[in-house]
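In what follows, a structure is listed as structure tokens, so that the remarks can point back to it.
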Amino acid sequence: MNIKDLSDEILFTPGHTACAGCGAPPIVRNIMKIFGKDTIIYTPANCLLVFGGTYPYLAWKVPYFHEAFENTGACISGVARALRKQGKKTLVVGIAGDGGTYDIGIQALSGAAERNEDVIYICYDNEAYMNTGIQRSGSTPYGAATTTTPAGTKIPGKLDHKKDMAEIMRAHEVPYVATMSIAHQRDFLEKAKKARDVEGFRYLHIISPCPTGWRFDPSLTIEMSRKAVDSGMWTLFEAEYGEITNIYKPKKKIPVKEYLMGQGRFRHFTPEMVEELQRWVDHKWKRIYGEEP
Amino acid sequence: MYEIRFHGRGGQGGKMAAEAYALAAFLEGNYAVSFPFFGAERRGAPVKAFTRVDDKKIRIKTQVYEPDYVVVLDETLIETQDVLEGLKKDGTVIINTQRKPEEVRLSKPVKCATVDATGIALEVLGRPITNTAILGALARATGRVKIESVEQAIMEKFGARLGRESGEKNARAARMAYEQTLVGTSQGGKEFVPRPQWLPDVHEMPIGGAIGTMKTEAGLIGIGSFVENKTGDWRTFIPAIDKEKCIGCRFCWFYCPEGCISMVEGKAEVNYDYCKGCGICAHECPAKAIEMTREVKA
Amino acid sequence: MIQKLERKKMVITGDYAAAYGGMISGAEVVAAYPITPQTLIVEDFATFVNDGITDAEFIMVESEHSAMSACIAAQAAGARTFTATSSQGLALMHEMLFIAASLRLPIVMPVVNRTVAAPIGIWCEYNDSMPQRDTGWMQMSCEDNQEVLDMVIMSYKIAEHRDVLLPIMPCLDAFILSHTVEPVEAPSSDEVAQYLGKYEPVAKLDTENPMAIGTFAPPEYIQELRYHNHMAMENAKRVIREVTRDFARTFGHDYHGLIEEYRCDDADVVLITIGTVTGTAREVVDELRERGKKVGLVKLRFYRPFPREELQKIAERVGAIGVYDRAVSFGSGGPMFIETRHALYGHSIPIMNFLAGIGGRDVMKKDVEKMFEMLLEAKEGKTSKEIVWIGTRGVTP
């Protein structure tokens, strides 16, 4: 599948209030072109909730629903079961941020996955709690400065590494898990299509660069996704029932440093910190590709 | 008591300016409060902040509706909204612009002070952060606080966050603005149509707030209605597509966060009603067919 | 769909009555999580599903928070839902209770009243449900297992009424009802189906008619919505009175609306009770009446909406009112006492609060007798006590 095959119909309209250059709207708009009109959307509390609509206005052109922050897994389960009772084939999709997925929402998510609910769960990962003002999450990478892990004189940013959420979801052995980047158009669209067509629990995890929180020029959003993949900070793979079925390998691996440059959240990095992050990437690389980077 | 309303864009530091001014007034023995309009606006959206100053404790907790002074950090805002709304009869507006007061067109002719805060900031700070320079102009135009107090407030407030050197530079920007501010009278006559709001009473309010799509006096509401929100006025940079160069690859169409690029006869076209000027399209265009320039608003 | 079930008499626990009520009312989606002493409800419902008595979707969620979240979602998608919880489980749901009520979703959730830790205990206290007062849920208490079953069925009728559209928690006392068997008469599935009709939501998630439910909203809209909830609760009083009357005609069991008076007509003093203590207190009233004491009893069924008008009428004819509470609002008094005082503003009779049975301690006949004794003293002006702890070691009532 190619972007030329995508329809012109827009199900997430312009007029939304995301920051200029936000990575999330193109993800959402394009994925909705694949999912189509017979879709119900749930969003928990996050940037997407807020920039996607302020009463009485809404960017969504499909039925839209919000309850709270930590319960996406349960909310989409409830909708899906009611529809099953009504004999409907509508796609039920929850779109949560990394905070709503890795941290406060992991319990409801795990429960829904374990029950193999017939839903799609999407995590758009901007690596912090952006809606509340850039606080760290379980997804924030090592060293990154956030408002709760500031680059202080004593503690230089976040001390812990990013949690491997996609692996946790793969361990649930659900029908489909995929990690995605919008910069990889064809891969992105194929995975979205696959997710649409598979039955049972599907988990899509998409990197969503945030110019405001990561502090980079808004024109570089797509570039950031690309570099995240090329550096190994973000890995693209697919898994079915826990088995990895497809891994994307960057043509040329770039040093982590090249990804960090240009992002204000890493500006305070010392060479040792760069090295520590590189070590983490290399370790992951080896685990995934089975070879030394 | 006097009241000030600051107009800026999310991320420009209007709130910091309002707070720093309150601190300056406090340093001169006044009582001062400052608060932002708490909205859900993201970076780039028009936002407001307020400061109130008095010689005794300020008890009122409402928002400011009839300010004595209006400060505009971003010139583009005067094109899309009536910044003079509610301004007291002999009030003053302070605008960041290269223009002279007499060249500025607003809804009414009013006492107007102008300063090129962006130019000063670029010169002194190396970045177009205007929230400190504009305070110099405010001090000059109103005479309510001494420039020395503004400098001290900036050092305290910005120095604490960004380091002493940065605090000093910001104070210098304020001083320069103070010296370069022009005071005069603006032109009037510019018309603004206020955007109508849908305000249902309890009988019209849908149960549980659930809505489908409805046409109201305020336009479309409900499902798919955000198209009513023209985000084009967030923009400071504007893309121009060279149709000759465009190869119709659709990359810009795919990546544009606003979804405001459409393909017309195989060529990309921008709907400027929504374009926020992020520059992604230009950066991603493989044919280098898109150029971003600083927008000059008529 | 449920199997055809005949009218029958069963000897069942309160929990079974609750589960049976949800099932026979045609709950289509159930999401629940077990907690003592509500566990039997979940287990009984699971048995109904696994034995094919109902084809309801049962979502075995991983927490009460998710149970309520899933019920809200399913109800928003147009399904009739059912869940049940207790104590810590209800506390964990707290956040979601507001959302159910504000979205105007008529969810029915039996709550088995159990003390909230610490110390952790499993016995009856109302400090789980009563703190949910301001979430916008209707809340009522049952006296016996028949009332539990009837009330679950009536709950759907009340909650789904167009003038109400609010969620409701019929409450039953831990163990005293939940795990106690007694004879209960159940209506047939046809009778219930005819009585309740189909659930017709005012708004639902449906791709053929897309709607937005729960959008982020600024202050311009929220106050009107809150007013709606306020009015819906006021309307509920009328609807509850109508529904209990109608239920009595249809099924033969009369619950008299928001309260039930027992021997109040010529009473000098009355005691307001809630839950199972009511049954014990009826005994005491009879005995005291035999001894010539003019005492009466008011069984308060609904805590939300609160039967203000009914209590005002009673206050006009009696000399003192006592309010029994099985929970404390620290810094003030028992929750029902606070409400009653508020409802009776302007009446000059003594109003006393009796706290007893806290943490599940048994409330005995002698305890209730003590309450009446003190009320009679108050009527004579012999005591001016207001808040009285009954049966607390080292504290003189």
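First chain written, first letter: the chains are A, B and C, and each begins at residue 1.
FYI, a residue touches a chain if its C-beta (ideal position, glycine included) is under 8 Å from a C-beta of that chain, and two chains touch if they have at least 3 such contacts.
On a predicted model such as this, the values are computed, not experimentally measured, just so you know.
Chain centres were defined as the mean of their Cα atoms; on that basis the chain farthest from chain C turns out to be B. Looking at which of A-C and B-C shares more C-beta pairs in contact, the answer is the pair A-C.
Comparing each chain's Cα centroid with the centroid of every protein Cα atom identifies chain A as the most central. Between chain A and chain B the centroid-to-centroid distance comes to 31 Å (mean Cα coordinates, whole Å).
Centroids of chain A and chain C (each the mean of its C-alpha atoms) stand 43 Å apart. Chain B and chain C have centres, each the mean of its CA atoms, that are 53 Å apart. Touching two or more other chains at once are residues 50, 53-56, 58, 60-64 of chain A. For chain B, the set of residues that touch two or more other chains comprises 40, 209, 211, 222-223.
The set of chain C residues that touch two or more partner chains comprises 210-218, 221.
Those residues of chain A whose C-beta lies close enough to touch chain C in the complex are 37-40, 42, 49-50, 53-56, 58, 60-68, 70-71, 73-79, 81-86, 90, 107-108, 110-111, 114-115. Of all the residues in chain C, the ones that touch chain A in their complex are 28-29, 31, 56-57, 59-63, 65-67, 69-79, 95-96, 99, 205-207, 210-218, 221. By the touch criterion stated above, chain A contacts chain B in their complex at residues 3-4, 6, 8, 10, 12-26, 29-30, 47, 50-64, 182, 185, 211-212, 217-223. Taken in their complex, chain B has these residues touching chain C: 39-40, 197, 199-202, 205-213, 222-223.
Looking at the complex, you find that chain C touches chain B at residues 102-105, 165, 202-203, 209-218, 220-221, 224-225, 227-228, 231.
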